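Presented sequentially are two complexes of subunit A, the first with subunit B as partner and the second with subunit C.
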Partner chain A sequence: METFTLYREHLGQFLDVCQEQFRVQIPVSAGDGRYRFSPLAGHGVEALALEYHRTLLPPKKYFLLPEETICTFDQKGYHPVEVAEEPFLLFGLHPCDLHGLRIIDQFFSTPYADSAYQSRRKNALIVGLGCLPDDKCFCATMNTQQIMGGYDLFFWDLGERFYIQVGSEAGHGLIHKAREMFHDVVDEDRQDYLETLYQRRHLLTPKVDVADLSQIMEANPDCAVWDELGAACFACGACTMVCPTCTCYDIFDRVELDGSGRRCRQWDSCLFRDFDRIAGEVHFRSDRSDRVKNRFFHKEVVHVKQHQRSACVGCGRCQEACPAGIDVVSVLSRVHASCA
Partner chain B sequence: MNSRTAQKPKVGIFGLTGCAGDQLALLNAEPELIALAGRVDVVVFDMAISRKEEWQGMLDLALVEGSVCSQRDREELEKIRKQSRSLMAIGSCAVWGGLPAMTAHIPVKQLNKQVYDDGEVFPKAMGAEPLSSFVTVDFSIPGCPIEIGELLEALAAILAGGEPQRIDFPVCAECRMAEQICLVQSQNRVCCGPVTVGGCKARCISYGRPCDGCRGPVDDPCYDATREMFFRHGLAKADVVDALRRFSTPAWVERNLAADFAGDPQRRGHHRSQTKESGT
Partner chain C sequence: MNVLLPLSAHMVHHRKLAQDVALFQLQLDDPFAIGPSGENHRPGQFVMLSVPGVGEAPFSICHAAHIDYLELCIRRTGSVTRRLFELGENTLVGLRGPFGNGFPMEKMVGKDVLLIAGGLGLAPLRSVLQYVLQHRESYGRLILVYGMGRQAEALFREDLEYWIDSTKLDVCLAVEHPAPKDLFPADTGHVGMVLERLELTADNTVAAICGPPVMYGPVAKILRSKRLYPENVFFSFERRMECGIGHCGHCAISCRSTCQDGPVFSAWEARSLGEPLEV
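Up next is the complex of A and B:
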């Protein structure tokens, strides 16, 4: 694997080079200690928030848009909408978000490829960024602190320089567009990099025991925790919107007065009462507690069976977004304890 | 032309007691109005048509804004219902009772005395109620004022023989979709987002104002947890209760949450009047 270093003062220039070919998106401050992925073009490199822990919305917003038109229709019939995305580059994804992206990549490619998602995804370059956890991160619990590919370049902040791993041909190409800015890795760089990994590893300790979690949940589906959660949760859907791996959407028509219209898809949530409404006004999960339980079961039981891993990547967004202050880590630990 | 007009569905737009802001929103949507006029025959439009001959025939659809605040409103509404194949409540006054119903838990006699000091000004005044208290409502477009896009999409869906898109997710969901920062979490503000029907794309929050709940409650609002959340943020009970019920008191009263609306002395109008009475 190729590795390089880049001096911090050259990062702006490098991003400018990237900008010639890609719409570069970077994490920027949204105020109040929150961050958003936003266009570099609108903010300038000085807005790049390398210190960010998590963004309000995950990178999925670039691939599964909050609302999009999937086709249009009129008296003549249905007309497909071509997704003509210019190539873009997401700079600064943390390992948890790389894992999240991997999970939704799988969802939108098998068994049927989602063409809108795929055409955006194949137009995107991903640049990862090493991180240290804050009090809401629980990647070490979900084992997503590890970097297992899924990036074109990965940046480690070593202070005055970055240690950069190349993860793909496209990443290699990007480096070689500005090769003069990059330096070959020498022993000192390698040692600093290993030292950073060492320090990071010691900050990343599992917060709760999740061993056998899916078996425990499955064996005891009537655990009292779900009713308690049903009383505390507003079912507002905030957690699902900000979740990097929640992929549910609704499809509906926006009709114009002349009878033409757009078939739209919009983010949906299994916590919404209408999510499972079927003919005859029947609901499968009319109680909030059933809906909350279903969300956790999908992440921790169903997804494990289908894909051999939990669908939670421990990014901490849901905990940050929940108006009721529901904390996933404590939910998992209570489920683990009381269902045991 | 005449024959074509005759084939177009006949629509009446009526206003009961309210500020007429929803009719105004429709009047302001000029390009869409032209498109609408191409599809339907607007035979009654209280705010826009000055001639006051009564429409005698049958309507395919009546749009009614405002709440029912008097016997006259009620009679007019019942007449509209009899004359219309379908009836759509537009605006939160019509759908939920709106601001005029804020006092739904206080006897009208008492309100009359408090405001006019005698019962003669509006002898037939009633506590404000939504249309659904008296007639069958086929479609509802909430909001203060309505989102004009939502109304036009609903009309288009009905004209195309379908059902309007029904929204039952709260404002919080759209607020997160729009990547706004939560005002409860960041500024300790009372925000009705968790219990209020979305569809406004978190308009107020995007301008830095908390949600006032103008679109009314979702089907299954988590009132207790919402109230508890605000208390945990150290907000005064009276502020929380007032905010939650501001636009949709009748709905909350029906859900037996009236006890919460009676216990805040400094905020309850009727308590002020009682204090005044005992003072005189």
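Up next is the complex of A and C:
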């Protein structure tokens, strides 16, 4: 693994160099202790929130846009639209978001490639950033505190300097453009990096026992938890919008007066009542409890069977967004307790 | 290639089959385009049909692959279908597909084929029926059980006449409300009653079923009592579909996408997905 260090005071300069080639996106404060990914160009490097825990919306917003045009139509037929994207760079993704991105990368490549998603994805460089957990993080429960690739560069904040891992040729290309700012790693850097890892590891302890979780959920599908959640949930869909691995979308037409128009897609939520409605006003999950349960089953049972891992990366966004205060950790621990 | 982009196509002809049901003939504008041409699908597959400005909806292809246009049998029910019925001939539409697994014709080779249709469910099963007739020597007996409320609702009347007269298959109609002027010989009641009295070779019969969801439970129960193997009984499922490619999430049943892994599931698969079927 190729590694470098960069002094803190050079970070701004480095990002400026990146901006010559990429639209750089960074985490910035959104007030009230909240954060969002936003263009560096509109904020300046002073706005970079290196201490952030989670952004309101996950990085998926750059690849599966909240709303986008699939194609246009007029009297002559349906016409493709160009996904004309300049290359961009996402700075500061935490390990849980790298896992989330990997999950949806895989999702949007099978059984067909989603061409819009994939072309944006190919255009993006990813820079990871090491982190320490807050009270809502539960990556250590979902085993997503581990960094398993999926980045071009990864930054560890060691105080007056960053310890940087290069994960790809494109990542090396970035360093190369500003080579004079970067220093080779010496023993002291390595020691500090290992010390940081050590401290982080001790803050990252599992919050719930998830052993046998999917087996317990399957064996106990009528667990009282689902009815209780159904009664509490407002079916607002916020949890799915903010989730880095929720990918459902809706397709619809927007029409102009002359009959031409655009076919669009928009984020959708399996918590919405009409999500599965078919002709004849038939629903398959008309109870809210069925829909909440379906969301948890999809993350913790279905995805485990299909991909040998949970689809929840433990980012804590849904808890922060939920007006009913529903949080995954306590749901999972109550489900798990049904088998105590 | 963008799989969500419809291919431009034209509705070349439509004719009424019954009250609020019509047969639509469609043709892709580009004869070389890779898309639902009417010649390249498996029985039981479906297409996504777009009406510009209104939207898109899934419809089963109602014939076996052999003609150079596409035929869909469509009921008027909501926004897309209502607009479709208003369109004149030679108007622009969009097509994507064909999608879905279709019925497993290979698994039926050498076996008796029992088709159980309720109402509009005849549309996808007509493609299976035509396929079996095209490859008649590869299959055993062919039986169609077709249920409807009234005979006035019978779809594909010319076909029915021909099938009833033909020695290549047996046709049993189940009509809930008979009327004095009814054309076709039929039992009074629902498909279940007809099924009860059918003599089937349990270990050599494959069943394909499509109809309203209320039909599936009772039919599964009868076929089980007749000792058909649950892995030889195939249901076509209807779910809300938006993308057809396994991504939008609308059609998910437990861990499967109805649009990609289905719409046809064996009775065993369907039950393991949580459908209330006895197998």
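Quick note on the criterion: the second predicted complex is superposed on the first by the 338 of 340 C-alpha atoms of A that agree within 3 Å, B and C clash if a C-alpha of one lies under 4 Å from a C-alpha of the other, contacts with A are read in each partner's own complex, and residues count from 1 in each chain.
The definition used in the following text is that contacts are C-beta pairs under 8 Å (C-beta built on N, C-alpha and C of every residue); 3 or more make two chains touch, one makes a residue touch a chain.
Bear in mind that the values here come from a model prediction, so they are computed numbers and not experimental data.
Applying the stated contact rule after C-alpha superposition, one finds that A:Asp189 touches neither subunit B nor subunit C. In the superposition on chain A, contact of A:Tyr249 is made with subunit C only, not with subunit B.
Shared-chain residue A:Arg273: touches subunit B; no touch with subunit C. Contacts of A:Tyr78 after superposition: subunit C is touched, whereas subunit B is not reached. In the superposition on chain A, A:Glu300 makes contact with neither subunit B nor subunit C. When both complexes are overlaid on chain A, the residue A:Phe284 reaches subunit C alone and has no touch with subunit B. Within the superposed three-chain model, A:Phe107 lies in touch with subunit C and out of touch with subunit B [touch as defined at top].
Touch criterion met: A:Ala116 reaches subunit C, while subunit B stays clear of it. Looking at the shared chain after the overlay, A:Gly325 reaches subunit B, while subunit C stays out of its contact range.
Once the two complexes are overlaid on chain A, the subunit A residues touched by subunit B in the first and by subunit C in the second are 252-253, 255, 259, 261, 268.
Listing the residues of subunit A that touch subunit C in their complex gives 70-71, 73-78, 80, 107-108, 110-116, 247-253, 255, 259, 261, 263, 265, 268, 270, 275-280, 282, 284, 297-298, 301-302, 305-306. Contact residues on subunit B toward subunit A in their complex (touch as defined above): 32, 35-36, 38-39, 152-153, 155-157, 159-160, 162, 165-166, 168-170, 172-173, 175-182, 184-186, 193-195, 218-220, 222, 224-226, 229, 232.
On subunit C, the positions that touch subunit A within their shared complex are 1-8, 29, 50, 52-56, 75, 77-78, 92, 94, 213, 238-240, 242-243, 245-250, 252-255, 260. Only residues 30-32, 34, 36, 56-57, 61, 66-67, 231-238, 241-242, 252-259, 261, 267-269, 272-274, 286, 288, 321, 323-325 of subunit A touch subunit B when the two sit together in their complex.
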